[in-house]
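Letters A, B, C, D and E mark the chains in the order given here, with residues in each chain numbered from 1 onward.
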């Protein structure tokens, strides 16, 4: 059987490793469609042939569930994202990211668009907590998703940016980074949900189940995500 | 590093079919616009240019709603063909056509206007019917317009992205065209892969464009 | 050949045309008129190219358009057109332009052939050329050839020779003249040149400000003042119908007869009895009181002065003469001489005189094949 | 429901400035292309069309690299102006210009070719110098080409999105244009807001287009 | 007025032009030649419009271009051009086209004025029109007016009258003829019509296949066989220089003198002693053995037969006559009569004869104001 998984872009690196493992373990065929969570939900609302959604937040699966497009019992948190302040310059960010932020020697700081991307909202909260948000408005630039934020920083256009820790780990440029302590922002819970059209698709169910297996959890954790207790 | 060529073929097929169909539809439309004296002409011209104005993702959004199985276009399509228009190659073609329409219609209209009535009148007095005169006089004289239309239409479909992503849904082998593939490589931080794909697209397109423009030089310009 | 009947009106705002005529189309019909008088507009309306044209057009048995809404499109009318601007197809070479017409030619056993037309218009050296670099006259020759090759039922020519040099013109005119006889294609021919018209046309139609002010046999019309307004006084004259009497091969002369009097013309290849048409310009006719001997002027006709129109502002008077031996309506001559000569010779109405027609003023060019007239 | 008009003005300013600058640069380029006999013409023409081929986000990415403070263009710009080219309005203008270049150059080139040498020769023999003849003869005769160029260029900048997002960084009041604002509403599933913005943009654009095309009818067509 | 010196070559592949001349530009210079002989190419090269033109052009004291790389752009040459196709500006109305030239006119006290030019070309009714709907002749008149208003140092006209009717032509010709005198603008004038040329030109230049095959005073050149090749035999003739003797106002005649013999012409408004130029066509000259009385032909000149060229294939012979009282080079006449007349009259070289010139064949149109010749 076949399952089509609509996956939030920030989880792409993890999916790249999970996909072959799942196919081998289950014998099912898995097709991954990457996109931003918002677009994927819109497409599901318009009848996209997606069987499961791995969103980057909890609100959008909730929307699906409330509108009857998602199977309520299937929803669970498959990963908890971690926010990192990253720069491709290995010297830029020391152990104390707060100091780097306060020093403000950068021209531009890239974050996700708080209106669209959960990581962006989290980044805004961190800066607010530090009391830097208001004073930094002309330095903050917004990417639509974490991939764009990464590009802005990787190209050197912005000196640093708040990205997913997973991107720092999986990305091509290690540079230097500071993993933002979890207490500075609410947990970035990422929920998965079974789309109603796939209620009877064994492959879809198998895939959701596979995400909860230790093998999968190891991969997810190795890429910098937290996980809820099983 | 292996490059998946699937999206490349899919893209070429999409762009080729889109341009071919657009020429088919755009030619009579441009012809009509070039020769009509109706009052509503500016309205139709404005409508034709409208796909340019909206951001691709927004057009994509509205097309998604139109194409959806319950949508105004999607519903009859589903009934007729048994297939959904969204997330299918056909839907992609239709979306690309809508999106690239102005790039084909505008150069053709300009070219037909430049040809004018003179040569057509001459052809008619030599016994050429309207279609005959169109194919043997108007279109060869408008050849540069056709070249521009093909280049703009093809290139725009190649580079199109927002609409395709929204309507097509990035499904490998079906709607995952090269622009989405590159986008995805960038999104997933596979910059090397992205460079290869983008570089290949660029070199290929450049070669095709140079060829087309070089051939274009041989066609006469029909100045007033 | 068939007739062309039309009743057309065209409204261009500042300019309005209204013309209702039936043309026999028995050969060549000339359309003359001042610049802007509506010649091109009329031709365009006949060919179906003028959207603003209202009314009726019938060519032979075929109704081309009528007031009730019939409107045959241009390509179904079988009417050829040589435009004032040549309108060659820029995407085809000279040969390509010709072949375009050939492939769409109306079927017909005696349709003009490619080689024949190319030879007639001397296009062989141009066949391989693109149309871009052609000179003005070259373009026009190609356009004429192209129109011929389509083998139309009726061919409209809008000042086709204006861009040609006289020599080329002289070469083409006989060819055009013979088109109706040779291929059965009647012509409507716009021209400013009265010589061309006298030489070519059977019928003439004169337009002034969008109206037909004169129409009829060349003969009759060219004598009218309307013709003079267009052709200029200098060229005024008459047309005479004559018959071949015999030949003088040594001198390459042909003897013809007009109302019982004899004239010698440069040789024309016609059998005795054949009708010919001659144009005699008023300025080529001199008056003598008796027959004059010892001069090179061989053609001296007996005539009677019918009228003397002195032109007080100018040096001239114009005489209308009746050829002796003719009836009342019958062949007249015009003579343009100085008022001084009228006075000195004491010319008066009713007086018998000799009309001296300088032999060489009968040019081969003013002979019109009589077969269709 | 209140609509933030900031992005609207910003967008109009961006599109206006972009088109104005493109006309300034595109006119001599198109003129040169229309009249040159150089062998490299097809290469230049192909280069001009190239921005069409790549997906906007990809162009955006490469422009970002070029415009970055250490980039080939960004570095001298920073030295000269003291400001970064990325994430600034200037950068946005430059990016839009690169992206919309073909839409301005191609119609202009076509129009200049259609005008041909005839009227220019006539003007010269009346004493008009090259610039004079250009402004008083060639450009009025190419007016329809200018209209097409303005419409396509303006509309394309309005609807541009990927490049702007990437290079501009979506800074409210500085680089946040309307297409991004609409996109944001769609992404956050605020469809009502999105409809209002998109509808407004659509109606406004349609009105402008109808006006432009209606005026356009008054210009003579210069047929061969 | 200044001279125009050029040494130009143009290579168009199949066609190559090479011309090296110095024209006095003392009025009107005509360029004649068959279609495709390079007339337009020469004019374009002079105006600086022909990129393929190599060589040297000098107008008065100004070097316009030379082989070393000097090349004044067209708009700095001060050379006006009336194109074979009118090339009106489609985005301006008729008035707008005229004003375009006016605003860029070379400064000059005697520059042609707007109203003056509009009146001369009868453009008042067209001023409010768009150029789109103009007829062929209307376009050409606007083009001529536009070129005049730019007040050029030299005006090139490429068959400007081909599209005009004879009446309009006759109206325009005197105006064109007087341009050099009135505004100090010399003209180079392409035409196929020998009458136009005889009437207008001071100098003629004849092109054949891109080469100048004849050049010089109209007088001399029109008598040459090259001129006949272009103008057609029918119009062959000679030009005579004459002087006004006196007037006969009653008859609107003027008496002139050529080599001591007298002729009566339609009145021209010149004082005694004024030089005038007359064109006498061979076909308007008849031969008599004695002076003929009692005929309307008033002008009978004593002459001697210099040569008799019989044309065996035709009915004609052409006689070259020396006017009595002239020296060897001096005014000649041509007469075209039938071979039969030569035989019957027994004409021989050296024989004294009378040349009968039909009075009315001196038309006002073939009088050229002698002031610049």
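Details
Everything below uses one rule, namely that a contact is a pair of C-beta atoms (placed from the backbone, for glycine too) under 8 Å apart; a residue touches a chain by one contact, two chains touch by 3 or more.
Which chain is which protein? Per UniProt: B, D = Molybdenum transport system permease.
This one's a predicted model, so the numbers in the text were calculated from it and none came from an experiment.
Counting hops only between chains that touch, subunit A reaches subunit B in a minimum of 1.
Contact with subunit B and subunit C alike is made by no chain in this entry. For subunit D, the chain whose average C-alpha position is most distant is C.
If each chain is reduced to the centroid of its CA atoms, subunit A and subunit D end up 36 Å from each other. With centres taken as mean Cα positions, subunit C sits 91 Å from subunit A.
Between subunit C and subunit E the centroid-to-centroid distance comes to 26 Å (mean Cα coordinates, whole Å). Looking at subunit C, residues 85, 90 sit in touch with two or more other chains. Residues of subunit D in contact with two or more other chains: 57, 61, 118-119, 141, 183, 186, 222, 224. Those residues of subunit A in touch with two or more other chains are numbered 39, 42, 148, 151. Shown are all chain pairs that touch, namely A-B, A-D, B-C, B-D, C-E, D-E.
Contacts from subunit C toward subunit B in the complex involve residues 47-49, 73-76, 78-81, 83, 85, 87-92, 100-101, 104-106, 130, 132, 146-147, 150, 152, 156.
Across the complex, subunit D meets subunit E through its residues 118-119, 121-130, 132-133, 136-137, 140-141, 143, 219-220, 222. Against subunit A, the residues of subunit B that register as touching in their complex are 57, 61, 64-65, 67-71, 74, 84, 86-87, 165-166, 169-172, 184, 186-192.
In the complex of the two chains, the subunit E residues touching subunit C come out as 12, 14-15, 32-36, 40, 84-85, 129, 133-138, 141, 159, 162-170, 192-194, 229-232, 234-235, 248, 251-253, 264-267, 283-284, 286-290, 292, 294-298, 313-316, 335-345, 356, 358-361, 363, 365.
Touching subunit D in their complex are the following residues of subunit A: 36, 38-39, 41-42, 60, 63, 107-108, 110, 113, 115-116, 138, 140-144, 148, 151-152, 155-158.
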